[in-house]
Amino acid sequence: MKSLFPHMTHQVQLETESLALSRGDRSLIEELSFKLTSGDVLWTQGDNGIGKTTLLEALSGLRRPDHGTVSWNENGKAVQASRIIAYQPHKSYAKAALLTEEDLGFWANIYNSKHLVSEALNFVGLADFTKITTRDLSAGQNRRLALAKLIISQKPIWIMDEPAAAMDKTGAQLIDELISRHAERGGIAVIASHDTTRKLSAHTRKLVLRAAA
Amino acid sequence: MKSLFPHMTHQVQLETESLALSRGDRSLIEELSFKLTSGDVLWTQGDNGIGKTTLLEALSGLRRPDHGTVSWNENGKAVQASRIIAYQPHKSYAKAALLTEEDLGFWANIYNSKHLVSEALNFVGLADFTKITTRDLSAGQNRRLALAKLIISQKPIWIMDEPAAAMDKTGAQLIDELISRHAERGGIAVIASHDTTRKLSAHTRKLVLRAAA
Amino acid sequence: MINYLANPIRFLKFSKIATPVFGALTILTMIWGLYLALIKSPPAIEHGQAVRMMYVHVPAAWCAMMAYTALTIASVVSFIWRHPLADSAAKSFAVPGAAFTFLALITGSLWGKPAWGTWWQWDGRMTSVLILFFIYVSYLAIWSVIPERKKAARLAAILAMVGFINIPIIKFSVDWWNTLHQPASLSTPGAPGMPPEILWPLMMMVAAYSFLFGWLSLRGIEADIIRSRKARDQKAPAAQATIETF
Amino acid sequence: MISAIVRRDVRLALRSGGAWLYGVFFFAVFIALSAIALGGSLDIMRPLAPALIWLAVIFSAMLSFLAIFQEDFSDGNLAQYKISDASFVSLCAAKAISFSLVSILPLLLAAPLAALVFDMAPNVVTATFASLALSTPALAAYGVLSSAILAGRRGGGFLIVLITTPFLIPVLIFGLEAIAGYKSSGFAAVEFRIVVGLSLIAIAVGLPAAAAALNAHLE
Amino acid sequence: MISAIVRRDVRLALRSGGAWLYGVFFFAVFIALSAIALGGSLDIMRPLAPALIWLAVIFSAMLSFLAIFQEDFSDGNLAQYKISDASFVSLCAAKAISFSLVSILPLLLAAPLAALVFDMAPNVVTATFASLALSTPALAAYGVLSSAILAGRRGGGFLIVLITTPFLIPVLIFGLEAIAGYKSSGFAAVEFRIVVGLSLIAIAVGLPAAAAALNAHLE
């Protein structure tokens, strides 16, 4: 277990300053400022279509804000999002034609963490499904594969979009365990979810988005 | 509201007899027999990858069983699945380039229920999103669009794969309401879900799939 | 000047005056030029009356190339400084640019029938203008297939810039390959000049086309600015965000 | 139901930012590249012109074939058609119609322009146009069939070229023969009747076979 | 990282049920259809053979262009690359390499076979092969660029043909000139050096531009 969740050696920060985001002619978020530091967990909640996914994309550096800034820090120095962010989108991004272990193995190659692959597959409960193509994985198994990718990325900031959708009960517990371990070792997690929020670290916070009156 | 949920004029039945399903070299379901009649609601539950989606596809006539049969009845006469089944798959099947109202309108054309489109959009809470392309809908909005398609199909048997995934609280209530109305008017619903089961009709039943010991 | 105009509001103020001026100049020079070209100037010795096609053809060909240069400059500005006005400008240069290219192709082939006895020759010059037309169409196609404005602007700008590098290559390769078309006589230093009774109407038509290009571009930019402001003003209010601790 | 599908498909085509025009661009590019590759002399190209135009149309059509069912298949719409109780034969007929409208009609209209570029004689242009128009149903029917067989397969694009080639070769041969026949006997040329016959056979065989192929995918 | 991507892409291609072979099939079909359309006489076709082979290669390549990034784009892999801190320029280089291996190499190997069909002289075959091989980097670089610009767009297939044509025309022209030049001066012909130059320019301009286009999609 230790090797999957080594203690973070760097301090990281994720900060937004008067962030504004919109899609088409719909303004979604305005003047949002917050700051997360090592060990923080942020639950993002709000109704369907309020802008959670859009926010998470901006936090991952995949969407340029209309106004304001998102900044990523490592040991007090500003860095590129891609250095410290891992993002689990709502949809699976597994290659349909690859075996489960090949798909994970590819990303392990990119992240230089080949040695973690089989342990990570074990941890998320896919040990029996390494030899089938990801096309054949069930909905929940696909989400588990995405969790394994978060783990092997070894990145300090996890951005997770509805990780518990389509997950069974043990799956939901698995996610909780992952997040609290990650916070303990000094990581940051931002989660968008319709699940009830749970206090998974000493610094769990909740970001609630409500429609303007 | 009445026009969206007219009372069913036909008695329908959905029946399986010693059904066996497998995927690749994995046998998922064996010797499953049950019978649902007008007004029944069946919740299918079980861990990730146990075979819920596979079962639902077979019930919709989209997957040929290995052994056993699935039969569809209307007024005591065997009919083709396509006559009485509506299926909401796990993934959205909206055309990315069409506006929400166009995508729903197309299916309304096929089902001869053009007059229900705007009411159905209203009912599922998409009234403000009719003029954007379905590509731009949020995850939950996409699920809502799929629900609207169930409604306008005017079919007596609804097969729903994780309808509540990615739905907010009002969305989950909406689904419950839809299902109980549908059961009241004499429809049948089969739902696969990790949510807790709720008694939505006088004849709510639960199908629990468990891994063999 | 450019810095001053980079603000959309100031630009709208400027174009409120400039657009009608360009429009008027277009009409004036066009009427005068057409009079000179079609009525006043003499038929040429080898081309006969068909020479009058030149007054439509040559300015169109020149303006097509000028428009592409303008398009490239606007694209560079748009790509590096992400200036929305540059996006509007680039897009607005491309439409008349494509139209001029098309006109050069059409008038050229109409001229080709009397001059060479065929509508078309696959010679270097014509082929390279055809390719220029393809580049314009691809550029506009990118705008039309990508709905998100900023994205479309960046991608189209990339294509325009790479396309510009490509233009000398095209010219060089097709010149080498096969040539039948008139060599440039005005643009080449030391080449035999044209007699003034042909040169004058030609120059007048060139001016008319250039003003037309300016007028069309200004109108395009105006419309584009107004459209994007309207979209911005209509934005629905954003969600209220609150952060709670446990 | 046929008209609903045709209308939606045409709308999707128009919505796709002029995608229906791209077939025409491909056509133009094909003509231009061939002319450049063949050296650009009209004397070499004039006799080859009808063949080049036919090839351009066939390749352009082939490249649109895969798209006929691809999206419907991958986004789950095909499963919904099956459940909707709509017959797959009428679905295939609708697809053949919308394909002819969206993908072939623009090519037919572009063909005479290409004729200008090759400096073709007017009667050859007429004959080329007629032979292409009469072959359209065959192109559409085989397109629908092959797309139904290959729906949703990665890299299907090339395979579809391979599958349809044997069917389209007779159409190509008689289409070109018809152009030659026109010079001597006008539209009375027997080859025109053969082209029409090929089109009818294609529809009669291709559409039901396509429906069967779709059914086979979904069970 | 480049090698990881290349290995995965090659594996995906092999895994796709022979999809990498379809390019070769298309090539064969193109040659066959042209031969049929042009009437089949060797005397007519022998001089046209290098041009036809070049056209077949270019079209076959063009048709594979869209696929270079399409899947990565629609399944979200591109966003993950961006986040993974891997540079997009090396991603594009990797894609150019895997495209050359999977889509162009088989065509190069098939080209000499086509030469048999046309009864070409051995030295023309050598020259044709060499000119194609030297142009491969240009084909791949422009393919990656246009695919990056259009990744994931409906109807992109045709549009990509349109976009790449202006870039590939000089390559085509000099590729064919090089074949002609080979007859008189062998590999010393200046046209070969021009082809190499075009390939270098394509890489130098195309790959960074492609990386910029990918970035533009994801912001």
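By letter and in written order, the chains are A, B, C, D and E; residue numbering begins at 1 in each of them.
Throughout what follows, a contact is a pair of C-beta atoms (placed from the backbone, for glycine too) under 8 Å apart; a residue touches a chain by one contact, two chains touch by 3 or more.
Only a predicted model underlies this, so the values are computations on that prediction, with no experimental measurement involved.
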| item | value |
| --- | --- |
| Smallest number of contact steps required from chain A to reach chain C | 1 |
| Smallest number of contact steps required from chain A to reach chain E | 1 |
| Reference chain E; chain at largest CA-centroid distance | B |
| Pair of chains ranked first by number of touching C-beta pairs | D-E |
| Between chain C and chain B, distance of the C-alpha-averaged centres to the nearest whole Å | 56 |
| Centre-of-Cα separation between chain D and chain B, whole angstrom | 38 |
| Whole-Å gap between the CA centroids of chain C and chain D | 35 |
| Separation of chain C from chain E, taking each centre as the mean of its C-alpha atoms, in whole Å | 31 |
| Residues of chain D whose C-beta touches two or more other chains | 16-19, 22, 25, 29, 32, 36, 39, 71, 154 |
| Multi-partner residues of chain B (at least 2 other chains) | 97 |
| Chain C: positions in contact with at least two other chains | 127, 134, 137, 141, 145-146, 177 |
| Interchain pairs in contact, sorted by label | A-B, A-C, A-E, B-D, C-D, C-E, D-E |
| Touching residues on chain C, where the partner in the complex is chain E | 79, 127, 131-132, 134-135, 137-138, 141-142, 145-146, 151, 154-155, 158-159, 161-163, 165-166, 169-170, 172-174, 176-177 |
| Complex contacts: residues of chain E adjacent to chain D | 16-17, 19-23, 25-26, 29-30, 32-34, 36-39, 48, 51-52, 54-55, 58-60, 63, 67, 71, 153-155, 157-159, 161-162, 165, 168-169, 172-173, 176 |
| Contacting residues of chain C [partner chain A, same complex] | 150, 231, 234-246 |
| Touching residues on chain B, where the partner in the complex is chain A | 23-24, 46-49, 52-53, 90, 125, 129, 132, 136-141, 144, 162, 165-171, 194 |
| Chain A partner contacts - residues on chain E that touch it in the complex | 1, 4, 8, 11-12, 15-16, 71, 75-77, 79-86, 218-219 |
